[in-house]
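Below are two complexes that have subunit A in common, paired first with subunit B and then with subunit C.
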Partner chain A sequence: MAFVSFRFIIFLSILLITYFLIPKKYQWCLLLLGSYVFYAFATPYFLVFLFISTIITYICGVKLEKLSDACNEKLKVDADVLTKESRKALKNIFMRKKRFILIICMVMNIGVLGVLKYFNFFMDNISEILHLCGISYEFPNANWLLPLGISFYTFITVGYCIDVYREVSEAQNNIFKYALFVAFFPQISQGPINRYSEMSIHLYEEHAFDFVRIQNGGYRILIGVFKKVVVADRLGIYVNRVYGAPIDYNGLSLLFATVFYAVQIYCDFSGYMDIAIGVSDMFGIKMAENFDKPYFSKTIPEYWRRWHITLGAWFKDYLFYPVIRSDWCKKIGKNLKKTVPTIVGLLVVWFSTGLWHGASWHYVLHGLYHGTLIILSFLLASVFHSMKTKLHINEDNKVFHIFQILRTFILVDISYILFRARNLKDAAYIMNEIVFHLNPSKEALKIALLPFTEDNTAVAFFGVAMLATAGVFVCEILDYNHIFVLKKHKYINAVIMLTLILLFGMFGQSSFIYMQY
Partner chain B sequence: MSREEIFEQINIVFKDVFDNDDICIEEETTAADVKGWDSLMHITLMDAIEEKFDIKFDMKTIIKLKNVGEIADIIEEEI
Partner chain C sequence: MKKTIISISISLIIVFGVVMLKNCFSYMLPNDAMGIRAVVAKKHVSQLFLGASAFRKGIDVKMLEEELPGESFILTYNGNQPYNMSLELKEILEEGTVVDTVIADFNPSMINEDANLSDKRFLWDTKFSTKWALWKEISKREDASFYMFYDYFVLSNNEYMITYPVSFPLIAERYYRGGSLDDDAGMTEERLLKLEVAEKPGFHKLQKKAIMDMISICDQYGVKLIFVESPRYIKMADDENYQEKSKALAELLKASGIEYYCATDLDFDNKNAAYYTDLVHMSGEGKRLFTSQIIQRMKENEE
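Up next is the complex of A and B:
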């Protein structure tokens, strides 16, 4: 069920009214039922995968906690008898058992994701390698669909198990309550990748009707819908045309499409998050924020702390730290250089981030591009620092900040060419055209505006897109909450927003970009 | 080793890791108070503290650390 659809408005209204009418102790049960109905509307058969993942990780969580409790109990009971060494040895015995359970759980969960998402990619690469060795054999491609939100809920469930394993979070002993955490409908198709320790605070408690909360949630939804249907889908028309056949367009059109894509993907993904968080807020459940004005970042590492925050945090806590703290990585560091484990960890994380986005080499390259920039900024930090000192650059200077923001945006936008292009050949062509064949002129500009509508209304279409984009970013700087908190203007703001959505929204394009991941 | 001595030693590690002689840590010092204390530097810092005090932090500690006071608590417990 698409968020921007009449069906979803009906679904949300019924669920919300029932939620506040039934006895409060059953509210979480209704949310679980509603979440499964929501999922079944999209892909009913794929509920099976969701159930399997839920059951496996639930059992794993309970078992892991039992082992942790048994270990802590033994340490407590024998506290007087155990020496420091024997305590360590006892902990290691339980740790090995816990690790075994965690590995089985991860193999099963990530295995399902791996097979469904990467099988064809893997087989195609094997075919390519065989071809290079002179053996011509084409493996048959599997023609299956990817279950909705599998990349997201797999990360949510695996993250939960690792947290229980590390004793960062307690296990949920009620399977139905746990099932709600996994399937909670605002997060299931595109995240955020919530943590159990944070979500469980609000998810199962009783919520009284609160008009202000509903109102604020509603405003947040309107902001999300505006970003999606007025900005993202409008710019998407241009981007799809140009990136669909780059050879047909001039350098200026390719440059416009690349900049527009940066705005489109941000408004699409953060718009979805605004809707998801707004919906969740209405039920009294706080979800993690996924964006913090990323295009105002001054460096690439800062950008990744402000873009898709929950995915970055997942990779940091569950992949980067374990890799960099592993014995083999530390050994490399001791034998070679102290910075080597960090570089290895970053390369593993950014390769995985690229692959997570899609089973294609251009996604992997996109990830590695960002990884390389972060590694360079890490390695050259002292060089940059001394350069700034030599050039007498004041780091607090606003002009310097603007330069940093623009530089970061350009570096990010270059990566979008790899991300959005259909393949590496297209990406190389687009980069070449933008760098060497831009030829900006009045005539080229006229041609470059055409892809919006391909007739004489293109300029007006472009004007609306630019005004809406400017509106979004100005509101980001001013902070939406600041605008909406003004009580006198609350309803006026909502009416204005709704009117703009109805007047300038591009309806009919209901899917979000990140749904495919 | 007294808590004050532990803090003195931690401060030396901080100055070394962040290459900044002006750093002066306190019980309540967090990542937000020290320029450059991001996830990359966090691991470098943890490694340096482990080496200095010959201890080993578990992953829960590394992820959940709230401030320098908590680092000192663990060091006090371990040594």
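Up next is the complex of A and C:
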């Protein structure tokens, strides 16, 4: 069920009205039912995988907590009897048991994701290797569909289990309450990748009807819908045409498409987040923010702290730190330089980030590209600092900030070529055309605008796309400078946004981009 | 609550107002470069070329101006079907514009189609009655939906409307008397052969009736009607469905006593890739050759 659809409006309205009419103690039950109904609209067949993931991680969480409690109980009871070594040994025994359960749980969960999402990729690469060795054998490709949101809810559930393992979070003993955390419908298809410890505070609470909260949620939804149907889907028409057949377009068109894609994916994904968070707010449930004006970042590391925040935090907490704190990594640090474990950790994280986005080498390269930039910024920090000192660059200077923001945007936009292109060959072609065959001219510019509509009305389409994009970013710039236009003039903004959505919305164009991951 | 309801109401009122103004009065905005309004503004057109984008890209209006008597005008909309063409012709003639000869697009690709709006400029250029007539037919389609209605009346041409002072001059400078001033380079044979032909069979009763209506309107207003086929690249021309539809259309015109020239009647080399930018549309070179052949035919007919 698409968020921007009549069906969803009806679904949300019914759910919201019922939510505030029923006895408050059953509100979370209604949300659970609603979430499963929402998910079932994708196809009931996908529910099987959601059930499996929920049950496995629920059992894992309960068992892990039981082991933690047993360990703590034993340590407490035998506190006077146990020596320091025996306490350590006891803890190790329980830790081994916990680790075993956690590993089984992760293998099963990530294994399901791995098989469904990466089986064909893995088989194709083996076929390729065999081909290089002179053996011509093609492994058959599986023809199965990827369950909606599997990449997101797998990470949510695995993160939950790791938090329980680390005793950062308590396990949820009620399987139905836990199922709600996993399947909560605003987050299920594209995140955010919420943490149980943060979400559980509000998820099971009783919520009284509060019109202001619903109004604020509705306003946030309006912002999301505007970004999606007025900006993202409009630019998507151009991007899809050009990236769908790059050889048919000139260098300028390819450059436009690349820049437009940066805006499209931001407005699409952050628009979804606005809708999801707005919907969740209406029910009184707080979800994590996933974007913080990422295109105003001054460095790549900063960009990744502002873009898809919950994914970055997940990889940092559940992959990066465990890797660099692992024994083998510590050994590398002892034998080689201390920075090597950090570099290894970053490479593992960015390889995984690339792979998470899709089963294709161009996604992996996209991840490694960002990883390389982050590693270089880390290694060359002192070099950049001394350069700035020698050139008498004032880091607080606004012009320098603008330079940094533009530089970061360009670096990110280059990565989008890898991300959006159909394959590596297309990505290489596009980069080559942009760098070496731009040939800007009045005629080339006229042709470059055509992909919007493939006729002369493209000029008008381009104009509106630019105005709408400018509107989004001007509001962000003002917000960035603490000029809270959106919050101060809420009703006027709502009228403007609703009018623009109704007059310029590209309804029925496409689903959200990140739904495919 | 009150402020929220007022905000939503204000928004809906603004949208309604904009939509009504657009649908009722958009045709009144100045346009002498292309479209129905430009034809109506002429008051008298000697040769009116009426068709789809193949005509727009396939006919050199400046050559017509040099070689043919009186004033020529090319009226085209993308994907123009016989039904839409009949509505356009009706509106032009009812507005009092005198047309001596209509050279209509002999376009087999469109005759199997159900009512459709393939070029939203049609809505911008026509009066509400014409828009409504087309919508009435579209609404009879099995796949007609509320979204189609919304797109048709509410969403169409809003981009053009809001950017009109900038868009219109930029678009208009590429046209002269409705004809495109573009001089496109041809494609290679290799690339043309890779393009897919998507012709479907059939002769829709709506399109058949529309052609009869065009004949009847022209008869009523004393307008000479000729059909001319813009030559398709050989891959498309040889398509079975295309040939079948071409034959059906030719038979209908012959039975109605209407003059027509198929591509095979003209001495046009549709195997030459240099004349085409795709399977349907011509390059600058192809355009000039095709136009010269039409002019020659028309001169021969006059004699």
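We adopt the following convention: the second predicted complex is superposed on the first by the 504 of 517 C-alpha atoms of A that agree within 3 Å, B and C clash if a C-alpha of one lies under 4 Å from a C-alpha of the other, contacts with A are read in each partner's own complex, and residues count from 1 in each chain.
Everything that follows uses one rule, which is that a contact is a pair of C-beta atoms (placed from the backbone, for glycine too) under 8 Å apart; a residue touches a chain by one contact, two chains touch by 3 or more.
Treat the numbers as computed from the prediction; the structure is a model and nothing was measured.
Undergrad: Which of the two, subunit B or subunit C, is in touch with more residues of subunit A?
TA: Partner touching more subunit A residues in the overlay: C.
Undergrad: Going by the contact rule set out at the top, does A:Pro44 touch subunit B (first), subunit C (second), both, or neither?
TA: In the superposition, A:Pro44 touches no partner, neither subunit B nor subunit C.
Undergrad: May I ask you to decide whether A:Gly244 touches subunit B, subunit C, both, or neither, giving the answer as first, second, both or neither?
TA: Neither partner.
Undergrad: Applying the touch criterion given at the start, work out whether A:Ile324 contacts subunit B, subunit C, both or neither, answering first, second, both or neither.
TA: The answer is first: A:Ile324 touches subunit B but not subunit C.
Undergrad: Quick check on the superposed pair: does A:Tyr491 touch subunit B, subunit C, both, or neither? Answer first, second, both or neither.
TA: In the superposition, A:Tyr491 contacts subunit C only.
Undergrad: Give one of first, second, both or neither to describe whether A:Pro440 is in contact with subunit B, with subunit C, with both, or with none.
TA: neither
Undergrad: Where does A:Thr342 make contact in the superposed view: on subunit B (first), on subunit C (second), on both, or on neither?
TA: first
Undergrad: Figure out whether A:Gly111 sits in contact with subunit B (first) or subunit C (second), or with both, or with neither.
TA: So A:Gly111 meets neither subunit B nor subunit C here.
Undergrad: For a test of understanding, state which residues of subunit C touch subunit A in their complex under the given definition.
TA: 1, 3-4, 6-8, 10-12, 14-15, 18, 53, 78, 119-121, 147, 150-151, 154-155, 158-160, 162-164, 166-167, 170-171, 174
Undergrad: Could you list, by residue number, the parts of subunit A that touch subunit B in their complex?
TA: It is residues 166-168, 301, 305, 316-317, 320-322, 324-325, 338, 342, 346, 378, 381-382 of subunit A that touch subunit B.
Undergrad: For the complex, which residues does subunit A have touching subunit C?
TA: 211, 215, 218, 455-457, 459-461, 463-464, 467, 491, 494-495, 498-499, 502-505, 507-508
Undergrad: Contact residues on subunit B for subunit A in the complex?
TA: 19, 36, 38-40, 43-44, 58-60, 62-64
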